[in-house]
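Provided herewith is a single structure, encoded as structure tokens, for subsequent inquiry.
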Amino acid sequence: MSITLGELAARLDAQLHGSAELRVERVAGLDRAGAGDLSFLCDPAYRRFLKITAATAVIVSAADVADCPVATLAVRNPYLAYARATAMLHPLPAVAAGVHPSAWVSPDARVAASARVGPKAVVEAGASLGEAVDIGAGCFVGAGAFIGDYSRLGPNVTVWHGVRIGRRCILYSGAVIGADGFGLARDADRWVRVPQIGGVQLGDDVEIGANSTVDRGALGDTLIEDGVKIDNLVQIGHNCRIGAHTAIAGCVGISGSAKIGRRCMIGGGTGINGHIEIADDVQITGMSMITKSISQRGSYSGGWPARDSRYWRRLVARVHRLAGGRAGRDND
Amino acid sequence: MSITLGELAARLDAQLHGSAELRVERVAGLDRAGAGDLSFLCDPAYRRFLKITAATAVIVSAADVADCPVATLAVRNPYLAYARATAMLHPLPAVAAGVHPSAWVSPDARVAASARVGPKAVVEAGASLGEAVDIGAGCFVGAGAFIGDYSRLGPNVTVWHGVRIGRRCILYSGAVIGADGFGLARDADRWVRVPQIGGVQLGDDVEIGANSTVDRGALGDTLIEDGVKIDNLVQIGHNCRIGAHTAIAGCVGISGSAKIGRRCMIGGGTGINGHIEIADDVQITGMSMITKSISQRGSYSGGWPARDSRYWRRLVARVHRLAGGRAGRDND
Amino acid sequence: MSITLGELAARLDAQLHGSAELRVERVAGLDRAGAGDLSFLCDPAYRRFLKITAATAVIVSAADVADCPVATLAVRNPYLAYARATAMLHPLPAVAAGVHPSAWVSPDARVAASARVGPKAVVEAGASLGEAVDIGAGCFVGAGAFIGDYSRLGPNVTVWHGVRIGRRCILYSGAVIGADGFGLARDADRWVRVPQIGGVQLGDDVEIGANSTVDRGALGDTLIEDGVKIDNLVQIGHNCRIGAHTAIAGCVGISGSAKIGRRCMIGGGTGINGHIEIADDVQITGMSMITKSISQRGSYSGGWPARDSRYWRRLVARVHRLAGGRAGRDND
């Protein structure tokens, strides 16, 4: 893949300083780039490399143009332009249509001619794979599941029966969509399982990270709206609704029936109680515990930054003394 | 599946208000139910739908009977009755006995005639699958593992060699039972692996959520007693013992050799130190850090509910000033 | 497997008290050991079993020799000696070379004659498996991936394209190495995916626990240096560098581009921000939140040990009153 700076400038809506005929072939960091490389400056920590870069061209903010010894593409949002340029220069490989001979596809499944089913994958009866869908090696697509056009499942993804996945979604390895929710009714001193008869719906352009889990609904569906991006090792409980274009970082757990707004950003390691509602445009910093609904947009936090351990132990003890008074007993 | 209210009342030990001849076919929420649907009222937030429900019948507490315009089944614990009624109306599909031609089963494995082995599953030598056991697509059942009658493994579950699983257990996709525990001995500036030669035993009626992990013991076995219910993305370290009928919510981590009592409830995101003991009937709220043994039943907490970020940062700084004094240095 | 105490003493550099001709066949705990068993005393809690043990021999510190009724092997570090002796008596089974007929291996992959590829595993074109490499059932090894000599992948491990794994590594079930990092650029009210064109490199002697994930780099590689040991359900973000011989306990999340030093120990449930640096020899206790770089070796903490819930709620309220003043509003 190679592209001229002229075409790149046009496609990125960038102001080009340099020759439109120059070509770039790949993307590389400022400090490592050489001839044929396109680089970028987003993080101020890398500014020191700008003056010495050997890249053919660099994506920058207008303010940085003068400092750059090579061709520049000036844009308002260099990180976004870098993302787009990288997608142009390093496109996902085309889907190699066809069912691998080692896969098992039910004769009652519907597989578009342009779709691929990888080695050792399993597609059950009634499942439907749209145009250019890519089912990785070892995946399981359950009975009646629906995978929309251009969606891609990495190797070893599990999609349970009846799950509906929109278009252009990406699911990474180990993701499990549509396993039963954690529904238990107490019966004296034991638990009775509550059958989970709902489903899961993913909108378009959803991404689910490696080893993340989205449970099916107890009644009704768990809903992941368009454009939601979920990192690795995230748990989404049954009957949650995650609003469009919300991003959820790694190791987050969201309990059942929580409703998260649109365009929220949820920091890594955060836990969110069940049955609460979070407004649109809420940001939650990492490792926060959200126990109540949040009705106002804004930023919320609950984590304690770590300190030297001896100091920390003393702090904890003093807080108990100051604030706890006589009741400050230990837990055992 | 359809059932008369008369039979339902008998099986749920419910007081029926309405015609015993009416039939219900499925379960639905109060606000969505129509003719042929059985609904229920457990959560007070749904009471507003009771008067306008179009369900054929509703499971309620005795106190709510008068407010319901349709037939009612009055019980002491509506949620439990709902769970049971759902299991009657939406039973798990019967296990379609037989080994799928695309599975690989060692000739030295023992597979009950009533068991199923799904597509692409692997069952190693010496493994034993009991009556009506269901091994999902892509599962791995290691050498000498034992799966008790009526247990079900969803697709892509991994059971290592020698693991013993009781009867009527359910393991969800991505669960890994019996991988080596995290045992390391320090040798100057490097780690030496401690071989993990113990095993794992799961009692009867245990459920393990998607992508949860239960490590095998270093010496002796990791024990998950009868009726324990474990949600998704939970880690159980080597040589833990989880007491019967304890429920563990998502994203919990329990370090090696911890002993958890019976009928405990452990909230999501909680971390429990190794080598400690927790009494029976202990409840731990979400995101708590349990560093010491707990000898008294009761409820324990350690999480800080999130607040507005600006307020939170100020709070943290003031706590350091108030309680930390001069020692309040930062971590760097 | 059986070994004389004489040979064991020589190989462990231990002082033998007892007959060098005695043989031991397996390792067992002090309280359960019998004839032919080798036991050990590391944890003082087990000292009470020393005097009554029926083991054939016990690994102890010199100070405990006199208290032991049976043969002893006295060493400076009994836990390390126990680890080594266990590895001698319970060696990993030899790798049964060969590609299982139910596996799918690309004709363009390179598989050493001494390597094993288990049932239903998939090895893509250009992948390379070194001497005595063991690929478990159901694994996926992507195009161009490299697995060094003597490395072992448990069942159902996923290694994406181009990942490089060193020698003698162990990857446990459900581990996902080289899925795309979580890179997103904001475009007005939606997210644009940043293609992840870097890779992952694991050094020698690395262990990755069950269901842990190591993302590939955005540009450049994610690096896990020699001897790093990672427990279950750990997330390592793109472009992290984990220094040699660092140990990371379960449920830890490390955000992208964090650099962790050598010989660090990171307690379970800890979260580490992206783009920070942590010095060598840092210890972090469990459930800490690391938001800034740490430049000094030492121990760091940030978790609040749990207490009785009623006391805890009062404590939290009082801290807000004491330190928060008027600003102490709730989050909703």
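For the reader, a short list of remarks on this structure follows.
The chains carry the letters A, B and C, assigned in the order they are written, with residues numbered from 1 in each.
Going forward, a residue touches a chain if its C-beta (ideal position, glycine included) is under 8 Å from a C-beta of that chain, and two chains touch if they have at least 3 such contacts.
Fair warning: this is a prediction, and the values are worked out from it, not measured in the lab.
To overlay subunit A on subunit B by their CA atoms, one rotates by 120 degrees, a value rounded to a multiple of 5.
Both subunit A and subunit C derive from one sequence, and where they touch, under half of the residue numbers involved are common to the two copies.
A straight line joining the Cα centres of subunit A and subunit C is 25 Å long. Residue positions 120, 138, 156, 174, 211, 233, 251, 269, 290, 292, 300, 303-308, 319, 322, 330-331 of subunit B each touch two or more of the other chains.
Subunit B makes touch with subunit C in their complex at residues 104, 120, 122, 124, 138, 140, 142, 156, 158, 160, 174, 176, 179-180, 182-187, 189-195, 197, 211, 213, 215, 219-220, 233, 235, 237, 251, 253, 255, 269, 271, 273, 283-285, 288-292, 298-308, 311, 314-315, 318-319, 322, 330-332. If you check the complex, the residues on subunit B that touch subunit A are 26-29, 32, 77, 79-80, 82-84, 86-87, 90, 92, 100, 102, 118-120, 136-138, 154-156, 170, 172-174, 205, 207, 209-211, 227, 229, 231-233, 245, 247, 249-251, 262-263, 268-269, 286-287, 290, 292-296, 300, 303-310, 312-313, 316, 319-320, 322-324, 327-331.
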